[in-house]
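The next part holds the structures, each set out as structure tokens.
Each of the next two complexes has chain A plus one more chain, namely chain B in the first and chain C in the second.
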Partner chain A sequence: MKEEELKVTVRKEDNYAVISTEGYINNLGGEKIAKECYQLMDEGVKNFILNLAQSRVINSIGISILIEIIEKVLEVKGNISFCALTPTIAKTFRIMGLTQYAKVFATEEEAIKAITG
Partner chain B sequence: MSKWVEGRRGLTLLFALGSLCLAVVQRMGTGYLRSLEIAIAFVTAFFIIPRLSFFNYRTIGRQLKVYEFTFLALYLLGGVGTFISFYVGSGPLKLILFSFLDTLAIFLSLSLAFSFYRLYHIGASKKRKLLLGLIVLIFFLNLIGTGFFAILVVLIIIHGARIKGISSSHHSLRIKLFLLLVLFWVLFFLTPKGLFISPKLPFPGFYFGSSLYSLFVKSFITYIMLFTFVLAVSLVETSRRLSTKSAISYVFQALIPMVILIAVIAGNMVFLSVSLKLFAIHRSYIGSLDEYVANLFSSPSFKEKMRNGSLNEVAQQVVAPIAHSFPGIFAVVEVERGKEVERGVSEGTPPDFFANFSIPTWVVEDRLVELVKKGNGYFIFAYYEGEEGGKRARLALFVPLRGEFIQMVEKEYAVKFIPIKKETPSADKGSNATTIIHPDKRGLVISLDTKKGGKQRTERKEASFLNSLILAYPLSAVDWERGERKRFAELKLYNSYTAIFSLSEGETPSFFSSYLVLIRAVNLAVLVVAFFLIIFSTYIGGRVSRGMKVSLTKLVEGVRRIGCGDLECKIKLPSRDEYYQLARSINLMTEDLKKYLDEVVENERIKQELLTASTIQLSMLPVADPKIPGYEIVSHFRPAKEVGGDYYDYFPLGDDRLAIVIGDVSGEGISAGLLMAMAKSCLLNQIRVSPDVPKVMYAMNNMVYEALRKRLLMTLCYSVLDIHSRTLTFASAGHHFPYLYSKKGGKLSELESIAYPLGVRRDSTYRAKRIELGPGDYLVFYTDGIIEARNQDGEEFGFERFERVILSHTISSAREMRDGILKELHEFSRGEPQFDDITLVIIKVKEEEDGF
Partner chain C sequence: MKKKVKTKELELTIPILPNIELLVGKVVSELARHMKLDQNEEDEVKMATIEACLNAFEHSKSKEGKVYLKFQIANDELMVVVRDSGVGFNPEELNPPPIEEMLSGKRKRGWGLKIIENLVDSVEIHSEKGKGTTVIIRKRKKG
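Moving on, here comes the complex of A and B:
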């Protein structure tokens, strides 16, 4: 299990932001994502797309942080969606109940499309 | 300019010019000459020398070698030239050579000062550099002024061949050099100034900064000084060894040679005082006698009497004025009158001195004879020969060495005349008694005072054994007839200690006694210096060994304290030597040890915690799987090395229901174990109140919400199996969905129940789902440890593989299915460590043929 540091890239659009991750989403990685999200939320962004195409592994703490993000986004009546998930992560998200409040899309385009309508 | 002076040719030219200029100046006037010389030398030393090519050599040793040998050659050349010019040279040539030599001397001393300065200036502060430079400069300049310079030159020549010490940057060698320099300097000031002033001796000296005599004195003192430095250096060196060794080597290297040296010098002084006494005696009797006779011969009235008067009267007249000083003295006078030789004698002359008497030829040839033997008697003998109007005149004076005269001398000079018995039978002690001297090449015989001396002590208080050293001096006389010299007696000389160390020349100073006194002064100075050196070296030795002992004791104490576990202990040493290095290493080691111990303690703590957590976890889990008719229930729990937080349990709800719980606490260690304990007690409480699935889930969620830290979650799947109706009611909170294999449909499905793990939101509600089971159906509960197990390539075991394994065991028993899954899992993750707990619970609804 490689534990290289997670890289996070943020692309901010008019009414949404795309956060792309690369690497293992664990405690540190999750916090990095959370930090970016909360900063964007402070800037007024309400719609988030998390592209996890480059992340193949996620641990329980990583998931709990993602849940925390979802909860925060819901508090500000925002919208969060995941895209490009590996089958295992997709299933894990479903099991862990993340899909109750966050939509999952196959590609980033679909996710953007869903937001921009 | 710098290029021009590079190389020896330029340098030599520069010197020639400088010397010529100085010579001209010297001829013109004197007043400012010295200062001009020094000014020129200064400019050369500080502006030209640093630019010379050889000064850029890497090692100072090489620099000095080239430097010294170049200039020493010039200097010696100049010296030889000057020496020659003393005898053959004319005025101006001598002057030129002198000025050339002076310039060279100043130049060389300045450049040496510069070299030493460069040697020690490395890494020193500006102030120190300046101070050192100044000291060194003054040192060398002073050397020229006092003629010490020549000694330095000689020393450099001697040591020039192995000048390694200067070129080496080794610390101890530097210390040596520095000590050499400093001590030289200090002693230079301490030594009596009189020793450095050349005495006006009648010997012709040659120019070398000073006369031959002062060169001798100075080299002697220099030798002593160098000896001291070597001593001090050897002390410093031995200080690096253990105290015993250093003490021994100190004794051998420092004390013994120094004591020997002092003994030799002291002995030398004793001999010197003897010589002085002998000289005084000689001068009082023989010297004065010679003088008296010489004066007499030069008097005209005496000459007249010799020509015409009665020779017996003449002889009597010669003897009369000195008879009181020389008891028993008699004279023999011979004068050629016509063809005859007439002879006259004084009163009291023994018969054999005028009957058949003639002055033998050896007396005429060897005028230096002072003691003679004639018959059985020994005499002091003075002889004079002269010509008066073509006529030969001779005068011989004899003082018999016996009775009254000997007593007088003995009393006057604290000596004792001891005749050699074999030679002179002691029958007539008085007649054989003798005195006086001529220095005999056979030397002195030391005889320490015996009982005989003790007797003399009572007689002669001023020369007792207690306050004097007694030395015997051999006396020899020339046989009158045969001209042979033979030892006949010895003179015991009593030297009081005050006389030994006295610098007085006595009542009758002369050139010879002055010379002896001077030597004695040198000896005394050396003795004083040596004495101070012993004190100094003892002080240094004591200090060094004390410092060593203190350092060692501190080290030993420190190491013992560290050994007892005091890792805060720091060994502090004031010195900066090897002990300091050792102490530093020990201090560093202690620090490392402390860090290492902290790590070990921390690891041990973590290990203990994990063990405790693991124990708690295991104690939470069911001891055995329940045996329920119509069902086969098997489980497997395999903890990871570090506690993963898996939990499963069974709760029988009366006779017809069984609650099955499986969960996973995120986090590890004690916290996970504690949460599990809380979960279990909460479950027990809630089940007692109401075992309904939604209520249990609701209660558990709130419990976890309250109990767990942020971002820590617990997944849980709670299900209730109705044994008789074969139904399963379940709800899941973030836990992996259990699998259901339905034999009827031949399908494997997941019992989905989507919800957040426990503890995300307060008061979450959970919907229970209900399914029906048929014979041959399997329920598989599991945790993520199975799904996330990895093989060597990092590939996950995954859901698909898991499902495939379940499906391949649907006709076997629950136990066989469990074993099959574990076998597959084991083979998959062969060799790879298990990162998470693995929990598996399989329930098979037995078919009728299974014995339901």
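Moving on, here comes the complex of A and C:
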């Protein structure tokens, strides 16, 4: 797993998009995720799944950018969820209260199921 | 007779550069593996150390532009000391904003030390205005 530069992959489906990350989520990494999310929002996407399976480290600046994304998604009455978090990242999100506004799922399949029913 | 504890130490001085905290993270990972910490314990102490470095980079306003690190392994415990010679601060004045405040866009930062506290066994902060800050993190092997 390469840590230096965050790799972001986007998969757009009918009524949701999955954004997968690989590497360190710092300020630049966070901005990369935000750029993809905001572009998808402009295209009308309201439901987002952030799959962080390949990211073991996130810093507080990266988290603050994720909070901005949550804020924007909530503004358009959309949904955002995280999946495949390491226990350390899940714990950090819980402590900071992110899980009150964004659901956390163990797997991407579970997160998709919560949207598609 | 008291048994003498063998310690292993490493010291590192880093310039304040973008992403240099990742190098520190790699050092922590190596030491964690040497101690046979499990993956979660390794991730926790690594993320806490990275956060302590970021705090020093962002808030110390250190004129010399350096951060001093010391790593010590003794008795199944990893101690990481992160020291800067910056402006210092009063840890009691730190008050991380609740999520509602962060979402409303008023204030999104200020969580660094809280994150560190929740990821390791203990955190000590020694700070003096105008002289700098030392953060001491301790992570014990549980398994």
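Here, the second predicted complex is superposed on the first by the 114 of 117 C-alpha atoms of A that agree within 3 Å, B and C clash if a C-alpha of one lies under 4 Å from a C-alpha of the other, contacts with A are read in each partner's own complex, and residues count from 1 in each chain.
Keep this in mind: contacts are C-beta pairs under 8 Å (C-beta built on N, C-alpha and C of every residue); 3 or more make two chains touch, one makes a residue touch a chain.
It should be emphasised that the depicted structure is a prediction, and the values quoted were computed from it without experimental measurement.
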{"item": "Clash or fit (per the criteria above) of chain B with chain C on chain A", "value": "clash"}
{"item": "Touched partner set for A:Y24, first chain B, second chain C, both or neither", "value": "second"}
{"item": "Chain B versus chain C as contact partner of A:L74, first or second or both or neither", "value": "second"}
{"item": "Partner chain(s) touched by A:I58 [first = chain B, second = chain C, both, neither]", "value": "second"}
{"item": "Which of chain B and chain C A:I95 touches, first, second, both or neither", "value": "both"}
{"item": "Larger contact residue set on chain A - chain B or chain C", "value": "C"}
{"item": "Stretch in clash, chain B with chain C, out of 583-591, 637-645 or 691-699", "value": "637-645"}
{"item": "Set of chain A residues, in rising order, touched by both chain B and chain C", "value": "60-61, 63-64, 67-68, 71, 88, 91, 95-98, 100"}
{"item": "Residue numbers on chain B that touch chain A, as the complex places them", "value": "664, 666, 710-713, 715, 732-737, 754-757, 760-761, 784, 787, 790, 794, 796, 798-799, 835"}
{"item": "Residue ranges of chain C in contact with chain A within the complex", "value": "19, 21-22, 25, 40, 43-44, 46-47, 50-51, 54, 96, 98-99, 102-105, 108-109, 111-112, 114-115, 118-119"}
{"item": "Residue ranges of chain A in contact with chain C within the complex", "value": "3-4, 24, 26, 56-61, 63-64, 67-68, 70-71, 74, 86-88, 91-92, 95-98, 100-101"}
{"item": "Residues of chain A that touch chain B when the two form their complex", "value": "1-2, 30, 60-61, 63-65, 67-68, 71, 88, 91, 94-100"}
